[in-house]
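First chain written, first letter: the chains are A, B, C and D, and each begins at residue 1.
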Amino acid sequence: MAGPQNRFRLKNIDNTGFGTNSSVEGGRLVNPDGSNNVRKRGLPVWERISFYHTLLRMKRAHFFLTIMLFYTATNIFFASIYFLVGVHNLSGIQHSESVIDELLAAFFFSSQTLTTVGYGHVAPTGLITNAIASTESLIGILAFAVVTGLIYGRFSRPRAFLLFSSNALMAPFKNGKALMLRMATYKNNHLTDVEAQLTIALHVEENGKTVTRFYPLPLEMSRINSMASSWTIVHNITEESPLFNYDQKALSEAKAEVMVYVRAFDDHFSNTVQQRTSYLSSQVLFGARFIPMFQRSDDGSYTLLDLSKINAHEPADLP
Amino acid sequence: MAGPQNRFRLKNIDNTGFGTNSSVEGGRLVNPDGSNNVRKRGLPVWERISFYHTLLRMKRAHFFLTIMLFYTATNIFFASIYFLVGVHNLSGIQHSESVIDELLAAFFFSSQTLTTVGYGHVAPTGLITNAIASTESLIGILAFAVVTGLIYGRFSRPRAFLLFSSNALMAPFKNGKALMLRMATYKNNHLTDVEAQLTIALHVEENGKTVTRFYPLPLEMSRINSMASSWTIVHNITEESPLFNYDQKALSEAKAEVMVYVRAFDDHFSNTVQQRTSYLSSQVLFGARFIPMFQRSDDGSYTLLDLSKINAHEPADLP
Amino acid sequence: MAGPQNRFRLKNIDNTGFGTNSSVEGGRLVNPDGSNNVRKRGLPVWERISFYHTLLRMKRAHFFLTIMLFYTATNIFFASIYFLVGVHNLSGIQHSESVIDELLAAFFFSSQTLTTVGYGHVAPTGLITNAIASTESLIGILAFAVVTGLIYGRFSRPRAFLLFSSNALMAPFKNGKALMLRMATYKNNHLTDVEAQLTIALHVEENGKTVTRFYPLPLEMSRINSMASSWTIVHNITEESPLFNYDQKALSEAKAEVMVYVRAFDDHFSNTVQQRTSYLSSQVLFGARFIPMFQRSDDGSYTLLDLSKINAHEPADLP
Amino acid sequence: MAGPQNRFRLKNIDNTGFGTNSSVEGGRLVNPDGSNNVRKRGLPVWERISFYHTLLRMKRAHFFLTIMLFYTATNIFFASIYFLVGVHNLSGIQHSESVIDELLAAFFFSSQTLTTVGYGHVAPTGLITNAIASTESLIGILAFAVVTGLIYGRFSRPRAFLLFSSNALMAPFKNGKALMLRMATYKNNHLTDVEAQLTIALHVEENGKTVTRFYPLPLEMSRINSMASSWTIVHNITEESPLFNYDQKALSEAKAEVMVYVRAFDDHFSNTVQQRTSYLSSQVLFGARFIPMFQRSDDGSYTLLDLSKINAHEPADLP
């Protein structure tokens, strides 16, 4: 029979963690970066958010900008306090008519205290100013401890550094076809014991109601010993495949989403790393195959992997 | 037969780590936070306690208060020493009649040394004062190293951040009933390979003696791939269940305690995390079922999980 | 037959990592702290030793003493350099006749530079002195980074914190006897999935040559879910036991060594921890049994574990 | 039949992560240090390189040299800025005719700011200079946080510290021969649950085309409990071995490469560690056997392991 009816014969799985009615019109289950497309509420934001992890996952530029802003804001805060207490309690500040100048002097004294650089040409004299400066230097030390922790945390967060092809291809394979996608590590890291797992989510009508069903997509090879260069993972479309007889249109109607989960052991971190992504039906190309992305070096002494070709493909007739 | 006699047919387990006579009148085995209800003695407290872990598990406010107190105490300690040696060995301190003023000056000099801010408007001159200041700045650096380690340790301690429903429900299920409890992650963390395990402790009379027996409670689904939103774990009360025929009163008489153990892989920490909790018989509600805690967002583009509804339930007739 | 001949019927294991001729007259294979009784040579000491781990495993007092010595030595080193260059290049040092005073001034300036406290009442003026001070403050910062790393490493090193009974007991068990030893965690840590493994090494004569044979000792229970209080591990002396018919004298003649290996998941570190120890034949007591080391608290609300009773035992007749 | 034809009967494996045409004339698949002989391009170097890991794997001397260079370069950069803004904005710098002297003064002020030593005999006065110094001290603190993270990362990177024999030997074994190689830990670390895996890559002609085939080499013992001293791993050349009938010449013609993968649990790091290496056919010696590298200590109380003998072997006739 022509038509994507094969799936009724197959057992769907219900331990994906997504419910059968998690179907979302126009949305997706898993975001391209691998996170779940879920938002939370019902708790105040400071209980709902792990600040540490937010700062860990932030882009590098944003992270350093955040620190810069925090540094400036803290100095403004303390400068205001020193100003309110009176800058005459700071020895070394020349008597000046200008409020701005006094505030600036207080600001720079604050920064010298917070970073513990403490030149001393400006120094606290009165009791209150001394107490504030003493507190500020402790805060500076603690803030620095926090920043050290964050920076180390950012460095050492185990990541797979996997680059995925931006398309999944329905390519000729053996005498039929197969769903293929390609991945490679893009950093100088080395993965061993690499395992991949493919799951497809299909939003289908059952008893007049749209429900989401999940099916595993068995792979020709689901584990390799070492991610030496690139790895193309292959789901052969046999009669046992939930995608048997699906074409581009049927995939699109089912709002199909191919969820990819890769787990490996990383040599750098000596830790398990994992990465997830997903492909929407619009990212699946029918009738194309990948072009190899590696070649011998000119002198033949090593293999050269061209990361810019991760998605390189050419048309290929499907049977 | 009416009555909770089913358990005699079932095999209890004895590898829980609790003894059969660990039964404690009025107490519980596992505290709600997952720790064992056991205290230790027989060793001095400093050998019996891991200070690092105590400081790691302390509430944030208590932790920073502890540091503040330690900072103040250390400064008082060194201020006393500088005072005893004589503040005339500190250049820059104005000759003052008042002991208080001298002590305060010594205190602030100490804080400037401990934090290594070292303005220098007050500075050590004599041999002894110099030696003390030199030692204090080393102590300051070491203390700061300790604090940095503690703060990073607090940040990076792998935690599951699981919120459990405050009640376990005896809810209608299929044609019978089931014991259900619900959990969700309350932070922006992401768990994969989530496993749950339920064990019930029943304090029962055997040969005229009260002993504690432990039975595993098999789950309808004991493992999910991804903690995408909430997860309701379900123990179906079949004839094979140790809770078959138990009602609220029987549970209460057996001082039943449902122990929950969840283990998962956390994407943030790239580490295994686990969390435990337990429900006393008084926390088990008969004839209620959970109300879903997630819904589609208004624009349909993502799923919204309302954490304040973690325990939301409604009455439901049991068969 | 009376005599320890049972072992000939049993399969010995050869994957212990110890060779069959690792038999050492009068020595032991595993030290009480769990390390192997092996020393290495053939490489220079700095290649053969991991300084990081040596500093990590050092006793706390020794560790801080080492830091103190390093701090003093570095200051003496730099003080000598400042002295050789000439202390007149350090502004603020009063012209003094005494070499000792100049050296002391240089020493304290060095310590102020190394800790970056930098009061500034003494400060470098000439080019060379400035360059040295600039280098010293960098070294100070790097040394501090190293110390921070070491202190965090010491804190966070996953350890099982297991206390073992100092004796293994041959105690009455069921209708026969069993080899028992007891362990408990002595800190406020919590172990789950605790596994124990017992191996016995027997130095026996085979074909006129003394060889070492290793046999696993099967346990009544080799895994518990949670180390709630203490755990007594039990090897039942059945006809299948390699220790069947062994008495104190036979054990001693075979220079028997019981090697214990415990592996668990620690809740604090969220990491696997392990600990090893071994018992020589002289530590095995025949005809004794452990006295319970836990009891109910006076108000019955929790269990009290008395760590000082870890080895508490009483005589017990063996069958 | 004489000749290395045995492999046609055996199943080759294709999950090594290397392709069948990864054969490289004159090159090798795995470098002696265990990395894959692959280079990447197609992404800018800063996306293709993990700086953290590059700095982690760098030799110690290079690492500290890099820091020294970075420190000097940063100081030159800021010195130039202070000079351009005008050194009259730095109090305490004596008016000097010489540009060099002004630059040097600015350089040392910069280093005092960057390290936060801040003596204060030179101090910023104007607005711009103050602002720059304030920024520089923040940068100093952040750079120091980075260095602390790097140093801790270098310390705590789990490594197996395995020393391999530089040759693999074809040695007499039982009534035939076996491929043997030896390893030992060269630091004071302790490995448990040590697993080894051997794979051979043979570049062979199939249908007139040179392809690379991979075969596992089964080991006599592939796992030991504890790396107590040295471990010789042994692949017996039986009729089932892919190397049956291969001699030195045949190995060389097939450009054979023996890839070794060792995985263990390290007691120090409480972490899984792994190490890889490979032997080219030219490193395989036919007709030799290892000489033991351990002996009893003179007083018989411990075992002495001589690491300089890791590759010690003597000629031995093969059958």
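Quick note on the criterion: a contact is a pair of C-beta atoms (placed from the backbone, for glycine too) under 8 Å apart; a residue touches a chain by one contact, two chains touch by 3 or more.
None of the values given here were measured: they were computed from a predicted structure.
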Of all chains present, which has the mean Cα position farthest from that of chain D?
B
Note the rotational component of the Cα superposition from chain B to chain C, reported as an angle of 0 to 180 degrees in steps of 5.
90
Decide which interface, C-D or B-D, involves more C-beta pairs in contact, and give its chain pair.
C-D
Can we say the copies chain A and chain B touch using the same residue numbers, with more than half in common, or are the two sides different?
different
For chain C and chain D, let me know how many angstrom lie between their CA-based centres, rounded off.
28
Interchain centroid distance [CA atoms averaged], chain B/chain D, Å:
39
Residue list for chain D, restricted to those that touch at least two other chains
112, 116-120, 144, 148, 152, 271
Counting only contacts in the complex, chain C reaches chain B at residues 64, 67-68, 71, 75, 104, 107-108, 111-112, 115-121, 144, 147-148, 151-152, 155-156, 161, 186-190, 192, 194, 221, 223-229, 231, 265, 267-268, 270-271, 293-294, 296-297, 300-310
Looking at the complex, which residues from chain B come into contact with chain C?
14-19, 22, 24-27, 29, 34-43, 47-50, 52-54, 56, 91, 112-113, 116-120, 123-124, 127, 130-131, 133-134, 137-138, 140-142, 144-146, 148-150, 152-153, 157-158, 199, 261, 269, 271-274
List of chain A residues in touch with chain C within their complex:
116, 118-120, 148
